[in-house]
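Here chain A shows up in two complexes: once beside chain B, once beside chain C.
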Partner chain A sequence: MDIHFLLGLIPTLLSGLPLTLELTVFSLLGGGVIALLLNGLRAGSIVGARVADFYVFLFRGSPLLLQIFLIYYAPGQFSFIRHSFVWPFLREPYVCALLALMLNDAAYTSEIIRAGLRAAPRGAIEAAVVGGMSPLTRLRRVILPLAFRQALPAYGIEITGMLKSTSLASVVTLMDVTGIASAEVSQTYRAIEVFLTAAVIYLVLVTLVTYGVQRLEGWLSPTRTPLSARSAA
Partner chain B sequence: MSLTRSNFLRASLLGAAGLATGPFIRAARAAIPAVVHIATEAAFPPFNMQSPDGKIIGFEPDMVAEIARRSRLNCVMVSQAWDGMIAGLTGGKYEAVCDSISITPKREQVIAFTVPYTTGSSGFAVMKDGGPVLPGNGTQIVLDDDAATKPAVAALAKALSGKILGVQVATIQNDFLTKYLKDSITIRTYASGPDVYLDLTNGRIDALMASSTNIAAFVKRSKGDMIRTGFTFTGGVLGLGSAIGLRQDEVELKAAFDTALTGMIKDGTLRGLSMKWFGTDITPAA
Partner chain C sequence: MWDDLTLLGFGAMGWGHALFTAATTTVAVSACAFALGLAIGTLCAWAKLSGPAPLRRLAEVYGVVLRGIPDLLVIYLFYFGGRQVATTVAGLFGHHGPVEISGFAAGAIAIGLISGAGQTEVLRGAYQAISPGTLEAAKVGGMTRWTMFRRIIAPQALPTALPGLNNQWQSAIKESALVSVTGLVETMREVGIAAGSTELPFLFYAAGIVIYLIITSLSGLVFRTAEWRAMRSQMPARAR
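Here is the complex of A and B:
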């Protein structure tokens, strides 16, 4: 392998890093909000629960790549959409990719939140009722902290999953790390060096995220923090 | 043989040795194989495309069939995405690539080319309604001619200032835009030609750049919604026309292809194929 080529390659690929991170963070934020709404819908009524079920079924059951293609290419085929107020947004590949990532992330995250909310043991909730907590206080002080701790490992996997999924945005002309890598390959024909370097960038990012989530898990683990220290804080 | 640890190790070592010697065996066998696989995109009409029943058809498949007949070779066209096509050739996945690939000095460092079978020029297409009007009106500019190139590029840069141009990734047209117009336009690169076409009709890009023959096909398909506009360019970064690409050690295969192609250019067969698929002669003079 040519060391000069590799040294030149790293900054080229890293120039796509801001876009990769941006897509990851915004899709997780947007997806998280939609996921909360979906859980609200689910708790609201039976019809709402069916709608949420169908949403999850749709977005978990089809490939993200196809979702990106559909959101990118389908609206432009209809002239009434092309002449409507949404087109200035949907015209941008960035918006299309982000929308697809968000909607997809929401489906997975809503299920993670649902599993977390179910984790609060009946006994703990009953104790809170007996202790005279209002429903809102119960949610804030018992159910949500337990749900958060329970959902954290699964959500950590979702974060790394989204981080890697952003690489699909390169199919709609976005120049993220993967987009730059494939353009570089078709220009230099050095597939091994370029794709390996890109993979290492993702590996480093995933390692950092995994480490961060693990630290958070440890910090939130009741066995590691004595109760006295908690009440003092 | 039971699967013990030592048996497993022995088998793995044998396997690894086999993998390691594979490339040497292949390198030593530069003679023409019984079946010559030729990769094409099958998505670059009318050069190559897929018929509704899945066959690869077009100008190039017809040309390859004629080359095969003349050189008595068994040539099979296989489809392969443009992205990674040349890496697949150098990696030995097929013997040749035939996908309207222009001869450029950069590519010649990596692969060998036959004699060219097109003259090669590139231009721009826009939507008829609301698309920018580019200067030049079809005048061909040879990029090696500085005196003609400079004013043409300056006029184009002015007309295209702030516009978004679509182009297929890692093509000579992409090189042209990067070299001459990068500062005045936004370049969007696509994995395949039809994607660029689609986004021009969708209004995501203001203009596209592609080979003139490709643009002719796009305009025809759009049923008059899309038009060709502006100068056409050739030479320089846009290369010297298209040729079949081969690995540099495939000397015998290149000789066979060259002989057949030269014959086809001389006796007018290739011109006939060009008239059939393009309705105009895009082949080099005999």
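Here is the complex of A and C:
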């Protein structure tokens, strides 16, 4: 293994980092909004709950790669789509990959939010009602903070999961870290060096995110400042 | 569009047989990967719980690394990296030119390693949920380690582990779609071929989604039945 090749490789691969991060952030944001909508739909009516259930079943039961290919290739089969205003967007691999990542993330995130919203114990909600909190205050001061703390570890795993999943965007020609690595391998035939270097980049990113989420978890833990210590101060 | 549905059938013009064979390949790759993952998971869970320090460290590093790398890169590494190694080794023996390796084997090993990292945590959690009193009783009763594993640990840990193992199995099926990049003709690759040659991408990619949904739902049902049976045998013991 020669050192010059490796030293040249690192900046080449890192040039795909902005796209990887962009896809991760946008898919988490979009997925989060859709996940909230799904939870609203679920709370709204029984039919809505069924629709949300089916959505989650559909996107969690099939591979993301297939979802990306379906969104990227399938619209071309229908002439009414090809002649509509959405076609210029749906022809773009970036739009298709991001859409698939968002829709996929929403299915997983909606389940995390659902579990979080059930975290508030009945006693805490009753206490809030008895204490005279309005429904909105209750949501803001009791249900949401407990839900957030409860959902945080699972959501941390979802963040790193999406970070890794963005690598699939490379199969529809996007030049993220994995896409650049594949292109590099087809030029140099040095699969091990190139893919290992790319793997290290992802590993560093995932470790940083995991560490950040753990810090946040510790900071938000009730044991950090016991109530007695707070009232004494 | 409805005329096109005959293309999914088992007739002379239909892709039914090809899709069915591809679906069995998907199940076969996933099953091999899951079995490998179970073996690795058991070993690593043991290493993390009561192994010697170097082995414990190794199991920890393995878990962090495999959970920090995209699945696609792991498969690329095993397939293209494996080919690179095989070609180099063959070169030492005087064989020139690239050496092909099996996409099935590379894919199953890659997904097996990913699955193993997840299964380690599932099995470790299930072991820790066993009430320590039963382990002490078994030790005091003079059971050998193997008898203890067979009669005390496994029957108590397995029912707890089943939901987690089901999750890992579902992940393995979905990850197996990535093996299509090696050219192995499993479901993902076959629907891609069909979509290309019939120029009906929506029909075949949608059919692919349905095939995966059938596989994941049916096998999920098997796991839930197993869970129910395992729990049923534990219920009276707990009530007593």
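Methods note: the second predicted complex is superposed on the first by the 225 of 233 C-alpha atoms of A that agree within 3 Å, B and C clash if a C-alpha of one lies under 4 Å from a C-alpha of the other, contacts with A are read in each partner's own complex, and residues count from 1 in each chain.
Simple rule for what comes next: a contact is a pair of C-beta atoms (placed from the backbone, for glycine too) under 8 Å apart; a residue touches a chain by one contact, two chains touch by 3 or more.
In this text the structure is predicted, and so the values were computed from the model without any measurement.
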Chain B and chain C placed together on chain A: clash or fit? clash
First (chain B), second (chain C), both or neither: which does A:Arg82 touch?
-> first
After superposition on the shared chain, which partner residues are touched by A:Gln187: those of chain B (first), chain C (second), both, or neither? first
(message) Per the contact definition in the header, classify A:Leu36: touching chain B only (first), chain C only (second), both, or neither.
(response) neither
> Should A:Leu65 be classified as contacting the first partner (chain B), the second (chain C), both, or neither?
Replying inline: second
**Asked** With the two structures laid over each other on chain A, which partner does A:Val206 touch: chain B (first), chain C (second), both, or neither?
**Response** second
Max touched-residue count on chain A (chain B vs chain C) belongs to chain C
| query | Can A:Leu14 be said to touch chain B (first), chain C (second), both, or neither? | reply | neither
According to the stated criteria, A:Thr173 is in contact with first (chain B), second (chain C), both, or neither; which is it? first
Check the residue A:Phe195 against both partner chains and state whether it touches chain B (first), chain C (second), both, or neither.
-> second
Quick one: is A:Arg91 in contact with chain B, with chain C, with both, or with neither? Answer first, second, both or neither. first
Re chain C stretches 92-100, 110-118 or 146-154: the one overlapping chain B is 92-100
The shared contact residues of chain A with chain B and chain C are 73, 76-77, 171, 182, 185, 189-191
Within their complex, chain A touches chain B through residues 73, 76-77, 82, 87, 91, 93, 171, 173, 182-183, 185-187, 189-191
Note: in the complex, chain C contacts chain A through residues 64-65, 67-74, 76-77, 80-81, 83-85, 170, 173-178, 180-181, 188, 191-192, 195, 199-203, 205-206, 208-209, 212-213, 216-217
Listed in rising order, chain B residues that touch chain A in their complex are 82-84, 86-87, 90-91, 110, 169-170, 188-191, 198-199, 201-204
The answer for chain A against chain C in the complex is residues 57-58, 60-67, 69-70, 73-78, 160, 164-168, 170-171, 178, 181-182, 185, 189-192, 195-196, 198-199, 202-203, 206-207
